[in-house]
Every structure is written in C-alpha cells, then in structure tokens.
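Every chain is named by a letter (A, B, C, D, E and F) in the order it is written, and numbering of its residues begins at 1.
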Amino acid sequence: METVYITRRETFNAAHRLHRDDWSEEQNEEVFGKCANKNWHGHNFSIYVTVKGKPHPDTGFVINLKDLSRIIKELVVEPMDHRNLNIDVPFMKGLMASTENIVVQVWEILKEPVREAGGELAKIKLVETENNYVEYYGGKEVY
Amino acid sequence: METVYITRRETFNAAHRLHRDDWSEEQNEEVFGKCANKNWHGHNFSIYVTVKGKPHPDTGFVINLKDLSRIIKELVVEPMDHRNLNIDVPFMKGLMASTENIVVQVWEILKEPVREAGGELAKIKLVETENNYVEYYGGKEVY
Amino acid sequence: METVYITRRETFNAAHRLHRDDWSEEQNEEVFGKCANKNWHGHNFSIYVTVKGKPHPDTGFVINLKDLSRIIKELVVEPMDHRNLNIDVPFMKGLMASTENIVVQVWEILKEPVREAGGELAKIKLVETENNYVEYYGGKEVY
Amino acid sequence: METVYITRRETFNAAHRLHRDDWSEEQNEEVFGKCANKNWHGHNFSIYVTVKGKPHPDTGFVINLKDLSRIIKELVVEPMDHRNLNIDVPFMKGLMASTENIVVQVWEILKEPVREAGGELAKIKLVETENNYVEYYGGKEVY
Amino acid sequence: METVYITRRETFNAAHRLHRDDWSEEQNEEVFGKCANKNWHGHNFSIYVTVKGKPHPDTGFVINLKDLSRIIKELVVEPMDHRNLNIDVPFMKGLMASTENIVVQVWEILKEPVREAGGELAKIKLVETENNYVEYYGGKEVY
Amino acid sequence: METVYITRRETFNAAHRLHRDDWSEEQNEEVFGKCANKNWHGHNFSIYVTVKGKPHPDTGFVINLKDLSRIIKELVVEPMDHRNLNIDVPFMKGLMASTENIVVQVWEILKEPVREAGGELAKIKLVETENNYVEYYGGKEVY
C-alpha cells in the first residue's frame, strides 16, 4: 500500500579534471578555474542511492540493503574508486567529468540491476565536497 | 500563500533483531545475515520529522518547534529510547523491526497530534547508520 | 533532456530574537521561550541553494558553481553574516526573524540572479541547528 | 590502575561581540573585523568536557554521565544558552567574550563540582564554528 | 627522527545493558537509569585506533593502513559487530559493558598485533553517541 | 598564566599517488594497493592547525584567527588546493605523497610564520578521509 524510500551510502576517492581540449587555456581558466589544473585534483565522493517500494510483508524490506550495497560497490564504486574519472572509467569516456554527468551515467548503470533485486531506483545523490552535491531522479523534474 | 517545510530532529538508542521464527536458521542467515543475531544488536537512531504549512503572520512559525519536539519525544522517543524494538515497543508488536516498518508506524502515531498542534505532517526520515536511512511521505509516491 | 539538481552550501553567523512588542512579556515567553531573550542569541546558519537544469553539453554544468557561490555570498551571506537579523538586514525589516521568514525572503532575492546565471532556482534549505531546519520550494507544495 | 578519559558534549546558542570601548572604531575594525558589529552576531556552541579517572569496579564508570551532564547543564549551559555572552553571563563580566576566555572561566566553574561527583576535570573543548575551536587543560601545557 | 600519529576509524553496531545482578532494581535504576533496561538497548560505535612512529623512508608510512584496518576488523570489529556486548563477546565476560571497560580491553587486544605490524599503539577512542566518548592511552595519564 | 590551545580548520582538494619507481609493479601493488593507480586518485583534505599561548589581555586572543587563516591559506592551501601532490607541490618534491610526510612538511612551513603572528605552533592534524588522519606535534612524542 505505502511507498517507502530507502537509501544506501557508499564512498569512493577519485581524481578528475574539468577541461576542454578544443578551448584555449584562457577559456578553460575562465570557466573551470582551478578545476582545469592539468595535473588533476581529486575528491572523496559519497554516493547515496535511493530505492522506493512497498515493504515486503515477510522481511519488512523495500530492498535487502546487502543486495543494494553489493550492486553499488560492483557497478559504481569498483570502476571509480582510486581512479581517474577522465581516463580510467569506461562509462565516463567522451564526457566532461562533472558531477552532473557522473550522476546521470550512474542512474543508467543502476536502474536495471536495482529492478532485478526487487526495487525501483528513485534518486541518486552524489556529494563532491561539504559545499556541493548533485541529485538526479532519472531526469524527472520533481520540484 | 507560500508553503514552507520545517524539520525537527530527535534521537534515540535501541536494540533490535531481524528474524522470523517461522523460517529456518539458514533462511534467516541468508536474508538477514548478522542482523539475525539471537542476542540482539543496536543502533543510535536519528528521526527527522518534517511539517508543512504557511508561516503564521504573528509568529513566522509553520509550527512551534517546542510543540513539535514535545510531541515527538512523548510519542516516539519515549517508547523506543533505550528499549528493545522487538519486545518493548507496543506499536511494533507483530511487525518485523525494520526501519521501513518503524517509519510507517511513526507516521500513523504523529499525524493527528501534529495536526492538533497546527501543522501538517509531510515527511519522516529515520537514520539507522551513517550508511542507511528510510524516508516516508505518508505512503505517497513523491518522485 | 534530463533535469539534474545541483546544490551549493554557504554559511553565516548571526544574532536574532523572536519577540513581538505588541504582546505582553508573558505571551512572548509562552510562545517564544528562551528565543525571546531581550539581549539576543545567535546561531551558525548553513544555507543550501539548489538549482535545476540540464547539464550544458560543453561544460557538463547545470550552473557554474563559481557563479552560484558568488551570487549567494553577495546577496545573502554578506547582508546577514556577523549581523543582527532583526536590526541589520534590510530584507527582514518588519518581519519576525524566524527561519521560515528568512527562507522565503532569500528565495525572492535569489530567483532572478540565478536565472540570469543560466539556472532555475529549485529549493532553499536553511539549517539553524543540528536539530532544526526549513526548506522552501518557492511556495510550491511538493509533497 | 589505568586512567581512562571520558567526554560529554553539551550545546548552547548565544550572541556575542568582540569590541573594546577604549579603542577607536578603526582599531576595533582592524583587530576584530566583522566580530565587532555593534548589533551582535552569534553561534551554535558545542562544549566537550573531559574527565579522567579509573573505572569504578562496581559500575565500570569513571564518572556517571548523568551526573556530568547535569553539572554542565546547570552551571554552564543554563547561564549561556540563548543569552548574550557580553551582557547576560555573570562569569564573563569584564572579560572579552572570546572563546579563549570562556573556556578558562568554564574550567574554574566545573573543577570542584566534577571532583565532588567523583571525577577529575581534564580538558574542556569549546567549538564555535566548524572552522575553529579552543581547548584548555587547566592552564597546563600538555604538548 | 620525528614521531607522527596516524589514526584509523572502524565502526560496529552492538547491543548492551548496564546492570548488576547483585544490586536491587532500585539501585540499578538509580545508577544506570534507562541503560539498565532488561531487554537491552544499543548503539552505533566508532572506534579510532591511533598508532605512533616515524614514517618509513621507503613508504612514508608509520604503519600500512591496510594492515591496521585488517587487525582492527579481525580482532575488535568482528567479535563485537551486530553482537550483544554482555553475552556474545569473550573479552567482556565478567565485566560491566561500559565504554570505559571496552576501551581498556581493546587496548590489550591490539597492543601486540600493532607492534608486529611495525607500529606502536598510542591511543584508542571509542565513540558511543554524538554526545559521549572515551579515550585511553594504555593507562597513562597524559594530561 | 594559563595556556590555551586554539585551532583553525582549512580545506583543500588534491590528487596524489603512492608509488615507487624503483620497485616492481608487484611490490607497489602489494604495499600501496589501489593507492598506486598510475592515473592518480584524490581526496578532500581538511587541515587543523593548533596554536598555543596565553590569551592577550586586550583581545582575549591567543592568536588572531584572521591572521592564522591567512597564513594557512597562503602557505599551505594555495600550493596544494586543486593540485597534484606528487607533481605540483614544491615542498613535496622527492617525497612519498603520504599524509605523514605532508604533515611534517607543513609543520616546517608554518612554524615561523605562526611565531611572527604572535603564537606558537602546537599541533597539525590532516584528515584524508572520514576513516583516517594523521597528527603531528613537531616530532615530539606527547603520549
């Protein structure tokens, strides 16, 4: 009857850089500032994955957090942790390594595996620093 | 005119266990893992109760936080703090002590008292560890 | 295609008081309690400003966080930081200095400048203490 | 035999100002900057009180945290919470309302009551913002 | 030449109870309050283990954090996580399950394994709630 | 008379790598694990700089936090923020980019400027993730 939302947090540490080779250094500097540094910088990222559903009468679970944690670690943390987001991460190839772009890619990666585990992906939040984060609801405009 | 959402946090510490007597130990172990431990484990819980409404022109308040805090403490924290969620808590009797089930019960308990205090219950968030939490909007699917 | 939400946090420290001159001290005490103290009290406030939009194909940005940070600092932090919210802040004149009223005023202040910077203001969250905060979506009832 | 250190945190919210009446406004501005604002500003303070001793064989306690919490609330939080540190707080009269001066006064206030409760005051930490705090060991230079 | 201190945090969730069978219920209630609840309560514990030493010239490490993490998980987290501290934990048998007593036992357990991994155990901090924690330096009085 | 310790936090984001060119890849992998990734990874670092001294009778300050913040930003944050610790940071040249080595270098950089600002450097704490940090007291063994 009732929809409950459950969230699992995982963390990873990665290097990245915001830079366009087809722009002049002045343009890169103006738009990306310090984030364009050619030798990279990095962050401790936290990713919060929210799944919605009705608690199962046998378990009281929307989804088993052991399953959700395993899915996130295998498909999202393992390819990004202690990596370079511009170079090492297959699903970021050809994309600017912005948090906005990461969160959209992660949604596509997690949607089906979460469904197979019995839940429905509802939201992904990616925290880059204590001062900024992005949220994504599969592209829906929720407010 | 404008709807504002205001949230109060309270905390409680409790023991619980996830286990079904009508399942074999193997099945309990497979689904609930360490959470099935027969001698219990426990958590520091944080509960965030969100109330919506229009700020009153006299006070600038959606709801007086003193009232909201008192209601949560009397009806939610007092019955669960330093208790066993499976044994000691009347409103959890007969239910799996999952965070999903707790948050649904807490909604039913708080809805009317919040209305009597002049607000409308909008959301309950229950944080079990730094890595997992549940959110509930009265059963509504909001995203 | 897809809408992403991005949030920037800024902080400020301010004094305030909740009190009505047209009420008796008894009435002020009953409604506002310690918050009515005639010599003021204060808080460390955190303000989270959320902007929505589609990531720009060139930058991967919904909005440039350097711009968003600058706008918040100039228009919101500068007038309130190390100030008295009842006395020093032009946009709070004639209003109770409640978090609900602050967040509504801040929305009006930020809406157009955020649009000029290429984003759309989606939400403002104002945290007063670890135990209470308010959220505002431009007056919309989103859940 | 073994010395263990136990710490209790309490919180309070207060207004203050850093300003010398015997200085010019220029001098006040140069030294205290925004903290000199004549209409005050404020903070959420957290105070951590550390007591040392040997765990009692009957209880396993260095000091009963219920006693320690009560002492801090009565003697430190009650006089400062929702107050003006320059005007309302007897033990700060005639002193600059700096965190350094507060922590020294709090030590003198708590030393004997903690001893009467069976412990020995070892350290006080006062956190003013996420970016600054002071620590005091009764004046001892410990490192 | 120079001594550096390095700290690793691990977490565990456990149930416990503070109660003496040789005391009356009144005495238990007076001293332990809610913590004496016969059906247990619980906490999310964080343990911080600090090791001192000189950074090795080859690695820049005081101790390899992979080794330190493995030692803590095997010897401290595994026996306590999702357990009952009064019933399930061999090294707490016959002791009050206070944080003070836990931290002393953990020191004895970790001292030699840390030395074998090339470091020297310097401090253990055990956080029970956001409002209380204990610290232990092997029994030394350090301030 | 009394010594008080005051601490200022600053933050920076950087890339780094733990790797020795004179070791085989097997040896690098065995000792440094994921931290050896040839394309770098990164972190959000927080640095806490503690200064000791007696509060000045005029100001109540051990050191003016505006001065301390400026010194840290100019000498420590500016050279490391949004940089590669192995390549871009002059004071890390020829050293493994471990937190232990960073903290020792930062001490040498800050010691004199802090003294010139009227304080005495007492401790530096460098937090790399929520699970690990290092502390340095100028090489002294303080416990």
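In the analysis below, a contact is a pair of C-beta atoms (placed from the backbone, for glycine too) under 8 Å apart; a residue touches a chain by one contact, two chains touch by 3 or more.
Just so we're clear, the structure is a prediction, and the values are computed from it rather than from any experiment.
Shared contact partners of chain C and chain E, listed by label: B, D. The minimum number of touch steps separating chain B from chain E is 1. Centroid distances from chain D, each centroid being the mean of CA atoms, peak for A. At the chain D-chain E interface, residue numbers used by both copies make up under half of all numbers present, so the two copies contact each other through mostly different positions. Taking each chain's centre as the mean of its C-alpha atoms, the one that lies farthest from the centre of chain B is F. Relative orientation of chain A and chain B, expressed as the C-alpha superposition rotation angle, is 120° to the nearest 5.
In whole angstrom, the spacing between the mean C-alpha positions of chain B and chain D is 34.
Rounded to whole angstrom units, the spacing between the C-alpha centres of chain E and chain F is 27. One finds 41 Å separating the Cα centroids of chain B and chain F. Residues of chain A in contact with two or more other chains: 130, 137, 140, 142.
Because contacts link the chains in a way that matches no line, ring, star or complete pattern, their graph is best described as other. Chains touching one another, given as pairs, are A-B, A-C, A-F, B-C, B-E, C-D, D-E, D-F, E-F. On the chain F side of its complex with chain A, the touching residues are 11, 13-16, 34-35, 37, 39-44, 81-84, 87-88, 129-130. On the chain C side of its complex with chain B, the touching residues are 18, 20, 31-33, 95-101, 103-104, 130-143.
On chain D, the positions that touch chain E within their shared complex are 1-10, 50, 52, 55, 58-62, 64-66, 69, 122-123, 137, 140, 142.
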